[in-house]
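Paired with chain B in one complex and with chain C in the other, chain A is shared by the two complexes that follow.
And now, the complex of A and B:
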């Protein structure tokens, strides 16, 4: 009797606990949706809706609002400037993503192996350019790359670059835009990787140290493989962002009309279609293609590399 | 009976609405750039029947903003100032059909008061779509004292210009820029080269042929002058070129009519009493010069404006009112206004020669009739295909075939027939 009653008692208690836990779980889920709501709302308004709207628009003649199938896509594919823009953007993305992955990994690993206080100070400094809008960074770089006003004048002269045109043709536009984008974007990633590296299990580092690994070996053999997936994720995000290149080439005209680049990147072409030619349909078609390409590439990388598979 | 009274009353009401006694001041929405603000303001003050609601729009943003307004079908301006002559063609396409046809709305007699070809950028396929504010043809600007000091005569032909460059280039003097798209464009068309020239009498048809001697000759001249340093590899607004111009190393350059007041005086800071102007250059085998332009703004009106009569009046007044244009910042395209404007310039002690205006007015006769409004930018194409390769050792002559391809593609893309 007493045993039985204890059993029933504990069974009821367990049931109760489960119910409580379930209710708490539901409450947590509801709470997380509540917290996510503002983001989801903004994502719908400024992300999903415009993409869907552009997708719809891309099948219409936007002047008389008549459906004309794939005519806008045909127009985009017939445009002789598109292949050059594709090549430009791909070369920019290749340089920029490479630069970001290598640069961010090296700097993050180096910061992780020095004293905490110095590392934090340096991380803040690296982050600062990211706090400046990219348009301001472009203007700043136009000064840095002009041999007549640059603080790095002696370096530029030593290479044999005497005018802005020499520098631009020397480095190449893709390289210049990659440098601009790298300095404005990498600081944020360095901060993120600072967090990722400091949360690596201390006992693994300890074990490696006991086994005689020096700082370099620790960084390259232990830490790098452990953050590799995050680096790939950064690569994917940068790739998708890089395809959207717009501000850097668009502002080149500030260096003088002879440097203006109106149709260098694909996003600029979409801008040209809509705001120079007034053809919002063709612009929507090109934008849809751009989004489609980003999504396909991301899906391939995610599934082919089983990126989100838990170990 | 009742109906009749009603009809009579409504007729009366309609009549009353239309009569000026009951008319309220009409409000026109105007998009202007900064230099034109005072001119619009003057119209507002001198016309009681019209109130102007003026918005300042950055010249480079104008087309984009109009596209947005047309798309949104609201806030469309009634009258605009266009700083780029290409905007006229770009705002009269099927996709962005904004501009009003002024052909029958501006009296022919008034149109005839403009300088020859003054309104050529406003004529698109035989229609007058805008009114030109100012002329901007290329003339020769020179530093009179410096030229005398160097013992050189002002050239009157391109051959003499090139020879002057051969002499002065190696001594570190520059005769202007060889890499800015517009000056380069103007050198290239100086002998009648067909860089996207509208074909007379054929709508939307252009001629592009850069393989002729008319194009190769000026291209070779620019290449030779870039090589001996007499044409600079810097743009006219780059800090190093400005420093060169300030330090007395630019005795002479080819520039548009607005260069004197707006570049040489405030930016190059040549001292007073030195700046003079001469007629555009001609090639030895030409009977007279053929001079290109760099800019020259225009006014246009919205074709669906609620107040067409007032909008046309504003556009016409802005371009042709003498009292208004006398104080304009640039050389008026309307001849009677320009003469009043020139009288003001003649009193300006800054110039070494009181006849600067006479030179500008005389030069207007040689203005290229092919300076037309196009739906794409030839100067952007020159910057991309010709200027950029120059930095890595290319030549202008070598870039002409690529320019031909680029321009032909651009013309076809924008719906032109290419001959």
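And now, the complex of A and C:
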């Protein structure tokens, strides 16, 4: 493109060019939105609208369809089962997040200190249970926790647990759900940290080695600090996911009615309100609180950290 | 060289360290590997063998085929219906998520326009928010729209996949050749031609990656399907699996009934849920690596 000449036409030309650029800009904007249209439609339908709708609904008596302010929230907070499920979910989250952070960090660092081929094979083995998801995790672990069929039978018997009820009361429900979730979810993270660790700068490792650091010091003093932020992100994401626990307690009843835990977690309570009591307003109020917690966590991650690329 | 020498000079301490390392890694192999291995072996064993033989006794072909026949023919071949449903939800949902994610990621990466930042932020929030958090709100909405208990309802809901948009956005912002794009624009190509002629041919890896992750999410979706579907003819496999177990009491160790679904049939049904994902994992491990890295590490 040539630089505009200094004739009398230049002003008009510049105006013309500006207008053309603006038109082109508008055309580009329209085209961008055309490309975004299917996604934006889904984002509205399954992201923005449901959250807004549940928020709105939470202020209504949904049986009579009259506005009644905070009555649904009041109802939820008065429900004697809610404090218990808050405690349940928090104890699950504490165990699960702790297990995930410690387990993933230790296994990733150890894998990084052994031969590459062996490490890759082991990583694959750790990762495969990720294929066991949702209801299949619970079904599999109900077998594994049953001393009459379990592959860990000798161990369970040695501890003195002879029935599934012994195992469940021995470990505790929060611990059992945490083990189930860790079994399926941690391998993917170990793969991620395998990639992160292998891309740490080789000079730093070499320098530390020359300075006489052994493998243990290398892992704890050099590598761990370098992956620490990502470990924290994993912890936060696990925390956010853990608050929404539903499937594992909901399916305990598969082992028989005496094992059923229908109001163990908060999401189960929201489900109970809608499906057992037909009280959509109360369900919406509790869902709003749960979504709200997730959104606050997400906002913190997006704006207070640099983990995700915004521009 | 240097390291090997140091290794030799302090054999005792380091060998203890090595011992702890290998013991821990070996323990983890047992924890992750044994339940999975057991599951696949148990599919070949009879109920009696499961209860009396050692945990890893192999089954017989005969036991396996009897279990298979019991499972597939039960309730008028219901599990076949569920498997077909799972396939319909997966194919429909994956296609929809691709149609939505790939152009959206491209538009966000390749152009500046009013509202872009807001869409990016909303996408990140939607991606970080666990999908389970919006299941009940989506149920309340679908109830309003009358889309509960339809194929379309679940497919539409599973086509919303913000993580895929983010992956496509990261991919296009790092891999589009700026020079080619600029010269094509000077030649008068509009955004749409740019997308179809230049971006799409480059997009094969990201299409595969998004399809992979969205398939995983949809195939294993239990909570949303469970809440949206009450007609058992519409169940997917994960919901069907639980219906099978609770309908037969196969896991409850109560006195037996005459439902042909026992422990081996339940194991086999669980294998049906797990196997497709397992196969895809083994075939496409590198996808997971690159995808999870860009999801969790780039910044």
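Note that in this section the second predicted complex is superposed on the first by the 245 of 311 C-alpha atoms of A that agree within 3 Å, B and C clash if a C-alpha of one lies under 4 Å from a C-alpha of the other, contacts with A are read in each partner's own complex, and residues count from 1 in each chain.
Here is the rule we go by: contacts are C-beta pairs under 8 Å (C-beta built on N, C-alpha and C of every residue); 3 or more make two chains touch, one makes a residue touch a chain.
Just so we're clear, the structure is a prediction, and the values are computed from it rather than from any experiment.
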| item | value |
| --- | --- |
| Partner contacting more residues of chain A (chain B vs chain C) | C |
| Partner chain in contact with A:80 - chain B first, chain C second, else both or neither | first |
| Chain B versus chain C as contact partner of A:164, first or second or both or neither | both |
| Partner chain in contact with A:276 - chain B first, chain C second, else both or neither | first |
| Partner chain in contact with A:47 - chain B first, chain C second, else both or neither | second |
| Which superposed partner A:149 touches (first chain B, second chain C, both, neither) | both |
| First, second, both or neither for A:261, with chain B first and chain C second | first |
| First (chain B), second (chain C), both or neither touched by A:176 | neither |
| Partner chain(s) touched by A:195 [first = chain B, second = chain C, both, neither] | second |
| Contacts of A:36 with chain B and chain C, given as first, second, both or neither | second |
| Chain C-contacting residues of chain A that also contact chain B | 146, 148-149, 164, 256-257, 274-275, 280 |
| Complex contacts: residues of chain B adjacent to chain A | 63-64, 67-68, 70-71, 90, 93-96, 179-182, 233-235, 237-240, 243, 375, 377, 379-380, 383-384, 387-388, 390-392, 409, 413-414 |
| Chain C residues touching chain A - in the complex, by the definition given at the top | 2-3, 6, 10, 13-14, 17, 21-22, 24-25, 28-29, 31-39, 42, 50-51, 55-56, 96, 99-101, 103-104, 106-108, 111, 113-114, 116-117, 119-126, 128-130, 132-141, 143-144, 156-157, 159-160, 162, 165-166, 169-170, 173, 190-192, 195, 216, 219-223, 227, 238-239, 241-242, 245-246, 249, 251-254, 263, 266-267, 270, 273-275, 277-278, 281-282, 285, 288-289, 292-293, 296-299 |
| Contact set on chain A toward chain B in their complex | 62-63, 78-81, 146, 148-149, 163-166, 168-169, 256-263, 274-280 |
| Sites on chain A touched by chain C in the complex | 27-29, 31-36, 38-43, 45-51, 53-54, 57, 103, 106-107, 110-111, 113-114, 122, 124-136, 139-144, 146, 148-153, 164, 183, 187-188, 191-192, 195-196, 209-210, 212, 214-216, 230, 233-234, 237, 240-241, 243-244, 246-247, 251, 253-257, 267, 270-271, 274-275, 280, 283-284, 287-288, 290-291, 294-295, 297-299, 301-302, 305-311 |
